[in-house]
Amino acid sequence: MNKVVANAQEAIQGIEDNMTLMLGGFGLCGIPENAISALVQAGMKNLTCISNNAGVDDFGIGLMLQQRQVKKMISSYVGENAEFERQLLSGELEVDLVPQGTLAERIRAGGAGIPAFYTPTGYGTEVAEGKECREFDGRMYVMEMALSADFALVKAWKGDKHGNLVFKGTARNFNPMMAKAGKITVVEVEQLLEPGELHPNEIHVPGVYVQRIFQGVDYEKRIEQRTVRQA
Amino acid sequence: MNKVVANAQEAIQGIEDNMTLMLGGFGLCGIPENAISALVQAGMKNLTCISNNAGVDDFGIGLMLQQRQVKKMISSYVGENAEFERQLLSGELEVDLVPQGTLAERIRAGGAGIPAFYTPTGYGTEVAEGKECREFDGRMYVMEMALSADFALVKAWKGDKHGNLVFKGTARNFNPMMAKAGKITVVEVEQLLEPGELHPNEIHVPGVYVQRIFQGVDYEKRIEQRTVRQA
Amino acid sequence: MALDKYGIAQRIAQELQDGYYVNLGIGIPTLVANYIPENMQVFLQSENGLLGMGPFPTEENVDADLINAGKQTVTTLAGASLFSSAESFEMIRGGHIDLTVLGAMEVAQNGDIANWKIPGKMVKGMGGAMDLVASAKNIIVAMRHTNRKGESKLLPSCSLPLTGLGCIKKVVTDLGVFEIKENAFHLLERAPGVSVQEIREKTAGALVASDDCPEMKLA
Amino acid sequence: MALDKYGIAQRIAQELQDGYYVNLGIGIPTLVANYIPENMQVFLQSENGLLGMGPFPTEENVDADLINAGKQTVTTLAGASLFSSAESFEMIRGGHIDLTVLGAMEVAQNGDIANWKIPGKMVKGMGGAMDLVASAKNIIVAMRHTNRKGESKLLPSCSLPLTGLGCIKKVVTDLGVFEIKENAFHLLERAPGVSVQEIREKTAGALVASDDCPEMKLA
């Protein structure tokens, strides 16, 4: 049994045109930088990308947009970049906007074998159009469906060779649910450890969900809003 | 703001006859021993208890059964004790048996604001009788409803005064979901710490779900099946 | 004189209670954090996975892996916790957050809110706003009373696509504090020096306001 | 000669593959852990919240806070993880477990299974069995071929209340290995020294068996 692959190029083997991918991260925090670079290099097209955001013009998923690799984005908040807006307005790019909590829960459901669930979010708004709505205990709810993906591209802080993962700070965000919802889950880590180096009690995502793991390199970790106070 | 109470007696203030309680634990592992003792002493009756199991004759929820405090159990596996069986067969006690994964997910839903969800578990069996079943993507699923409780009684290993919790070993089990599904969540811990003593990244249950916390005493931690091998 | 954005934030801070768990939206709501009374413990939630958010970091403490929902670098306070986005919205959807403060483009007298989409303009998305308004027990809208054209943002009904239905109970604007009930905006307090007459003129929705409405007190 | 429970477990262990995540039920299935090939890495899941379960502890390592789903004290191996019951059944329901082995009272030729309730007897509950059979991609039933009265447990249809519908693909009994497909039990292997004739006599459900069915090989 060996889940460890040498690098991002090897890790993304099998990703093809027209596939659906999940990409972890919130803004540029906790995004799979290495996997994105490898995707840009490999050049597959017509991808559907599920990710909370769509990067900025020259970083994150923005790099894939520049190469016109993305057919459709499923996100809660987009448009921090001009190329995205241009493609959207010209009709080259499709966007499905999903409330952030519903997006997180739909991905969680995808990994957890729950095909659908009810949420109060979006009832009475455009988001509920065409969806089944029903009352429970006097309140109205919208039925939302699970999301899954051919590949999930995840970034963790530490990971061991069995695929057990630990995240750092708010770089956790969508990564744990996506790790569980990918048919094949590819994880890049800052520290690749031996099994046993992580305490069983501190693991955020058990290795059972992870098919491939590799030691990431050259993390830029770009900051969108660098806000500081005087010491 | 003070969530810390002196002891179990103080912690269970407000629990009254006819209320619904959740009690953490799997078998006798991770049960709220102190809170159960206090309930037995206080003597409230006609309680509905949601707990994966019902203890043994002289420990855990078994102690409450001896005092005839329980009207109904909602569990996945019961009957490790004779008094339970006697009350069940005589009609003094009602039992609602729920598949373990469905029980865990219903409690999780109760804390997460999801009123109902679909699961494949139990489709075509007695468990699905009277419930809505429907097809998603060629498979049949059962609609299950969220569970919540007036009080959740939870046992954690370490907890800080803001209610942040860490569990140990398999004593985690149902405790985290129950902590989130109680209208009032009462937690007993082996180690009560100052805020900041737990690293933000290692916390299993954030304090927002916890209303009361106390330092537990005299943990017996009885073992049901003591299995050992030769050194 | 009408409040500036700091005044609005300061007034909203008076709604805080000791031990509250609070989600502050981007913009004016974020400023509320600057006015938390010294003797009060309030826990700020950021929906990207942080409870117990602290102030901005000093230059040497900047950590790219620790940001808030506005993508700003932040810090954690003692007793903070970190978690996934799913867990974060369990907290929100499950009603565990005591107070949510967010901005709006329009609020209607029945409590409807619109704050995510303007037809004809590039739509950036609702982020977590729809979850927050659908779930919170206690939501305060922080906004200017009128838009850039001088038109009232307190309306008989929203004209923009909705974010949530009948969910807003309280609005704090530069002109006053309003409770929404019985299909009307009820004026609770005037901003210092603002007349009930001015508020009447600038409120398009049904307004219930008494001429002796008290003036708000800001420290 | 028919297999004993150890033989059944030993045969089932031949179904394991390197890197498999496996849930072993109480009883005969638990014994499978004793026959995992040395050169193979298999991760045992216990549905009360443990992945990477190790052997029973030595006397001095007994920990009341570390048990398996049978409530026995256990240990963890390097690379183990601990989690909640909800997370545990996310794994199970989400189809992330490669193999589930569990016992049964009855299995039907259409793959139905009954293993939790006997009418008229005290019902202890289904525990995690219904979730496991509804969710696993790959389920093996480990059981005696006949009950205490000598009646076949491989049936045309189950008479007891069901645990799951059409979910069993393979059965290993003391008499042989059976694949369930096309509404019949297909005999793949005989237990050492057991005749196809004996299996025919003791199988009430539709059986597809060739007279030259191979004998199973146990190391």
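Each chain gets a letter, A, B, C and D, in the order it is written, and its residues are counted from 1.
The rule we apply is simple: a residue touches a chain if its C-beta (ideal position, glycine included) is under 8 Å from a C-beta of that chain, and two chains touch if they have at least 3 such contacts.
Note that the coordinates shown come from a computational prediction; the quantities given were computed from them, not determined experimentally.
Colleague: Under the document's definition of touching, what chains do subunit A and subunit B have as common neighbours?
Modeller: C, D
Colleague: Indicate the lowest number of steps between subunit A and subunit D, counting one step per move to a touching chain.
Modeller: The fewest steps needed to get from subunit A to subunit D is 1.
Colleague: Could you let me know which interface, B-C or A-C, is made of more C-beta pairs in contact?
Modeller: Top pair by contacting C-beta pairs is A-C.
Colleague: Between subunit B and subunit D, what is the separation of their C-alpha centroids in Å?
Modeller: Comparing mean C-alpha positions, subunit D is 29 Å from subunit B.
Colleague: Suppose each chain is reduced to the average of its Cα coordinates; what separation in Å results between subunit C and subunit D?
Modeller: Result: the chain centres lie 56 Å from each other.
Colleague: Centre to centre, by mean C-alpha position, how many angstrom separate subunit B and subunit C?
Modeller: Between these chains, centre-to-centre, one finds 36 Å.
Colleague: Would you please write down the residue numbers of subunit A that are in contact with two or more other chains?
Modeller: Residues 105, 108, 112-114, 119-120, 167-169, 201 of subunit A each touch two or more of the other chains.
Colleague: Quick check: what residues of subunit D touch more than one other chain, meaning two or more?
Modeller: Residues 50, 82-83, 89, 92-93, 135 of subunit D touch two or more partner chains.
Colleague: Chains as vertices, touching pairs as edges: which of line, ring, star, complete or other describes this one?
Modeller: If you draw each chain as a dot and join those that touch, the picture is no line, ring, star or complete graph.
Colleague: Please list, in label order, each pair of chains that touches.
Modeller: After working through each pair, the chains in contact turn out to be A-B, A-C, A-D, B-C, B-D.
Colleague: With touch defined as at the start, can you tell me which subunit D residues reach subunit B in the complex?
Modeller: Checking each residue of subunit D against subunit B gives 46-50, 55-60, 62-74, 82-86, 88-89, 92-93, 117, 122-131, 134-135, 161-165.
Colleague: Can you name the residues of subunit B that touch subunit D in the complex?
Modeller: Residues of subunit B touching subunit D: 26-30, 52, 75-79, 85, 88-89, 97, 99-105, 107-108, 119-127, 157, 167-177, 204, 221-231.
Colleague: Under the stated contact criterion, what part of subunit A meets subunit D in this complex?
Modeller: Contact set of subunit A toward subunit D: 1, 3, 108, 110-114, 160-162, 164, 180, 194-196, 200-201, 203, 206-209.
Colleague: Mind listing the subunit A positions that touch subunit B in their complex?
Modeller: Its residues touching subunit B are 105, 109, 112-120, 136-137, 139, 141, 145, 166-169, 201-202.
Colleague: Once bound in the complex, which stretches of subunit C touch subunit B?
Modeller: Contact set of subunit C toward subunit B: 18-19, 21, 41, 43, 45, 50-52, 76, 78-83, 87, 89-97, 135.
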